Amino acid sequence: MSDPHSQRLDWYRQMLLIRAFEDTVQRLFMNGRIEGTTHLCQGQEAVSVGAIAAMDPLDVQTNTYRGHGEALALGMDPAVAMAELMGRSTGGSKGLGGSMHLIDTSKGNIGANAIVGAGLPIAVGAAMAFKLRGDPNAALTFVGDGATNIGTFHEAMNMAAVWKAPVVFIVVNNLYGEYSPLRMTTPIDDLARRAEPYGMPGVIVDGQDVDAVHAATSEALARARSGDGPSLLEMKTYRYRGHSRSDPAKYRPDGELDAWQERDPILLLGRRLIEDGAMTDDEQTAMREAVQAQVDAAIEQAEAAPYLTLEEAGSYVYAD
Amino acid sequence: MSTLTEQQAETVAEPTEMTYRDAVNLALDESLADDPAVVFLGEDVANAGGVFKTNTGLAEKHGDRVINTPICENGFTGVALGMSVVGMRPIVEFMFADFMPSAGDAIVNQLPKYRFMSGGALSVPVTLRVISGGGGRFGTQHSATGESWFMAQPGLRVAAAATPGAAYELLKAAVRSDDPVIVHEHKLLYTRKGPVRRGAVAEIGRAAIERQGDDVTIVATMLMVDRALQAARMLETEGISAEVVDLRWIRPLDVGTVAASVGRTGRLVVAEEQWHDAGWGATLISRLVMQGVYLASRPRAVSLPDDVLIPFSPPLEDAAIPTAERIADAVRDSLRS
Amino acid sequence: MSDPHSQRLDWYRQMLLIRAFEDTVQRLFMNGRIEGTTHLCQGQEAVSVGAIAAMDPLDVQTNTYRGHGEALALGMDPAVAMAELMGRSTGGSKGLGGSMHLIDTSKGNIGANAIVGAGLPIAVGAAMAFKLRGDPNAALTFVGDGATNIGTFHEAMNMAAVWKAPVVFIVVNNLYGEYSPLRMTTPIDDLARRAEPYGMPGVIVDGQDVDAVHAATSEALARARSGDGPSLLEMKTYRYRGHSRSDPAKYRPDGELDAWQERDPILLLGRRLIEDGAMTDDEQTAMREAVQAQVDAAIEQAEAAPYLTLEEAGSYVYAD
Amino acid sequence: MSTLTEQQAETVAEPTEMTYRDAVNLALDESLADDPAVVFLGEDVANAGGVFKTNTGLAEKHGDRVINTPICENGFTGVALGMSVVGMRPIVEFMFADFMPSAGDAIVNQLPKYRFMSGGALSVPVTLRVISGGGGRFGTQHSATGESWFMAQPGLRVAAAATPGAAYELLKAAVRSDDPVIVHEHKLLYTRKGPVRRGAVAEIGRAAIERQGDDVTIVATMLMVDRALQAARMLETEGISAEVVDLRWIRPLDVGTVAASVGRTGRLVVAEEQWHDAGWGATLISRLVMQGVYLASRPRAVSLPDDVLIPFSPPLEDAAIPTAERIADAVRDSLRS
């Protein structure tokens, strides 16, 4: 992965995979092949891929119910992810978690939380463990714009700053918290300002530009590892779909979605790769088809897999 | 509440059929319309009718008294308390019961204690509307009923709605009470239809006998009332006559109504969408036994399986939540011994 | 009270009363005439008196377990306060609350909270009620430096700012949270910076100078009433005694207390009043003796008063 | 825990007399010394020995593994969870049980569910040390035991220490468990003396019979064990022989030990420093009755008075919290019928 070209090709592939996965999952929910609810991340792929590409192998991260992008960027097998969404025993959490909890500890994914803000102190705790043990590692945590209004965000930021914990807070500002536009619940536009009361750097990043996301996250992680403490990175991005399965997102002004799609993260990187001569149009089409095939195969594998019994499920509550 | 029940006598209308969702909406709309001191706040309550579409039209009709909050359960519950002590009557929506622990301090240390700490000088007319329950494939952090979490706390009242009529009357009673009241709604019941008596206000602490029977008393709340009634219909074909009590109030607990029913039937089954430990079912059994109520056979509890969390996986979630069949089995078992 | 002299004479008297009350309460705890614990505010009198003097008659405030200063500055009868500390039925809360809950709704004191941070959203709620009703009133809330680290602080500040609630946050920065110096738990020195992420003004105020406290609070309250929203005022001050009854405050560096006592708020105002010819030395001595007599009388009245029965206590749990 | 009990057999020392406070301190010190993965965090835990002086010397000996936190219960409990899933074994101090609701989300939705949501991939060896109980004139927001607040939650274990020996053994067991365990200490017991067996580790879910008797079984926790023993001594002079069971574990509940005791005595009194609703006392009575355990007379509960909060006023607080006399009266009453 040291050759920059091959690295960015892989980023492109990951973003295509996430997009294909999410589009497919949406169809499966709509036609009832997956039950419950889901929170998709189309449009935010550059944040997941760029930030996670900056992690070292033994770094960890926590994310949210909108965590499919991070899970796949961390290398979770789409078949394992799909099986989890379908509640099968072959899922990452054996079907006990579902769409909101794509977890894979072997990939440094130590939590996808369905409680807003709850993942932040968990990441700070992991970072403090690294610091106490003298490990060279750091933690990332992904959190939404709306989540910056809950107390846990403040408590986690404050502890991380006072302890100089090696953690980076990725605020995924997609302009909405459920049906509420940012300014309906938040008195400012730039959430990077929320770093100030902790004496922590706060940086605004173009969340559509995977190169920019990667560069900013790499710098923040280096700072964290060096002992200089945490950072907050505000990723300006947009979610193409509604908040969750049941949300048609009627509350968004006309044209807003189109404007953002003109700066689609996959489009942007795809253009650059062609300009740089790293990839041809045909290669991109081929790659798109390849990841879709991967996702389609995942569905088949998942639907063929069994469910746990309730008794088996009960064996995963306690360790002792 | 006596004044209310008088008032009620005058004004109760003929029952009209509507969904549980519409009953909630009607109670909210009337509460906001009847009293300018009523405010309604919560996450996205004023947007698109709310996440469970119980709030359709309210923001349009009642303007700035329907308030979208940031995501901060403990904070906005405290805000409701502050509003209440200066004369407002806030209704707070909890989008999922699972978020009540996020407001744990406000619910345990503030709402119920505030009046007491002021020596009775302050009143706290705050209603928490809590959308609860499993079966929706929302996973282990979004499927609690939480109906017994706060039943031990003096200063609080806790209600749970099983029918459209109860959803309407309990919410009306909560908003009129000068004390903090938690009202649970079950997300799987929103589409259920049933009669609603406009103008009716539930009496605090009064359970409702949903079905009369002679052989056994089944006590339940919310979705479990529905399943208990299904069980009763199944049992009827076997010649077993089951009485079904909708508890309606978890605090205060209507031990009297249940004791009278068990006095007639001699047998008790509690059907609860919660673990048996530290719940209303255990409390009810304990209080009945301490009162020396006669039981012809051991009481039975149909509950969430001990030591298992609620799984996302659809077949597993269905296996965890008590069904009509499991309730019927418990009844049959109680008649055997 | 319009004549500035008479107003400042009254402030002086209030500060003397608070000091005498707290010193006396401390003795009563030490010799067991009051049971339990108490949190005294000697050294912080200018904050209580100056801020509360800026309130309108129908404004309200919330404070904390360290709330004797605010309660007395609001005009609570020392005899009623003392009776509460002694658990008597003649206490402000009939003895049900105790030292941590000196409440007097008739004086706009709608809460003294023993849970750190819990008073803040309550004040925001009262302010929102005023705003919704179109009342011309505002709310104040007193909170410690340590309390700015708990989530409730953040949630309350955010709601107040986004709703432009007429509320003023008084951060009483006395440099310690229990046994922890500020910088052990907080990554910054100036808590006024904690207003930034809400787009709210944050002002540093000399908490030893009652005139400065009054001026800053008056300005912030005027702003709140005008609809421009909340403010945060950081009052730099110091608590002379330990955190609570059981705390000898051994953790403080030598000389720190002495340095602060040189800028004692009562001393500062007393000097000014003499310079301004508003008061003589003898008048100040007489006033000091008068308030002490008032406190001593309060003890006698309180100790002569009865207790509620448990049954009576039970009647104050529910209104219905 | 079998390995632990073997290990224990080898290493348990002769009992030595010490205070409950020193027993807690010893267990903390040994836990930190035995395993570099153990960390201890909370408000002022590293300052002046902590607010209740249970932590004397720990910061000096164990350095940066004893961590003062800012005031943020939900946040630092989440931090402990994060530490635990990457291999540490955190012990968290809650200065007052009343602050657990401030960490409600971490305690209800995170600690107990985290392993399950990961399909068993993650373990959460977190201990919460909770200083609880009334009688200290701390008022209604600082006097809860909170011992049954979380007993319904699968994924958690809950213990409560009545003696110095229990304080030591339960804390050792909690720290060694790979699951989240809440251990309650009672602030009025810190000065009590009793024997402590160094190296002993409590068995999870095992109650202790503190006093043997034939006529009645009194079940209690923490301060109430002490008062139950006083009551038993008073009753002895009347020729009544009371067995006293220290429950020790609220989750899991040792129904077996209590059932066996009641099987011998035929009578049951629960003595609880909590309201009876939704508590371990009600749960125990319910489970015993559902099992069909024979009772010669109605079970009795001595609890906090229904519908009254804990007042500050000293004589009122004393009237609210169960006394040895009230426990003895309940026993006498149970023997009458």
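When the chains are written out, they are named A, B, C and D in that same order, and each has its own residue count from 1.
Note that a residue touches a chain if its C-beta (ideal position, glycine included) is under 8 Å from a C-beta of that chain, and two chains touch if they have at least 3 such contacts.
Note that the coordinates shown come from a computational prediction; the quantities given were computed from them, not determined experimentally.
Using mean Cα coordinates as chain centres, the one most removed from chain A is C.
With centres defined as mean CA coordinates, chain D is found 37 Å away from chain C. Centre-to-centre separation of chain B and chain D, using mean CA positions: 31 Å. Put simply, the C-alpha centre of chain A and that of chain C have 45 angstrom between them. Residue positions of chain C touching 2 or more other chains, listed in rising order: 94-97, 101, 113, 115, 149-152, 155, 158, 162, 184-186, 313, 317-318.
Chain B has residues 69-70, 72, 74-75, 98-99, 102, 105, 109, 112, 116-117, 139-141, 154-155, 307-309, 311 in contact with two or more other chains. If the chains shown are joined wherever they touch, the resulting network links each chain directly to all the rest. Taken in their complex, chain B has these residues touching chain A: 43-44, 47-48, 51, 68-75, 98-99, 102, 136-142, 305, 307-309, 311-316, 319-320.
Within the complex, the chain A residues that touch chain D are 60, 62, 91-97, 101, 103, 105, 110-111, 113, 115, 118, 120-130, 132-133, 139, 151-152, 155-156, 158-159, 162-163, 313, 315-320. Across the complex, chain B meets chain C through its residues 1, 39, 64-65, 67, 69-70, 72, 74-88, 90, 105-106, 109-110, 112, 114-125, 154-155, 177-179, 204.
Residue ranges on chain A touching chain B, taken from their complex, read 35-37, 87-88, 95-101, 113-117, 146-147, 149-151, 177-180, 184-186, 247, 250-251, 307-310, 313-314, 317-318. The touching residues of chain D, counted against chain B in their complex, run 74, 98-105, 107-109, 112-113, 116-117, 139-141, 148-149, 151-155, 251, 253, 274-283, 285-287, 289-292, 298-301, 306-309, 311, 337.
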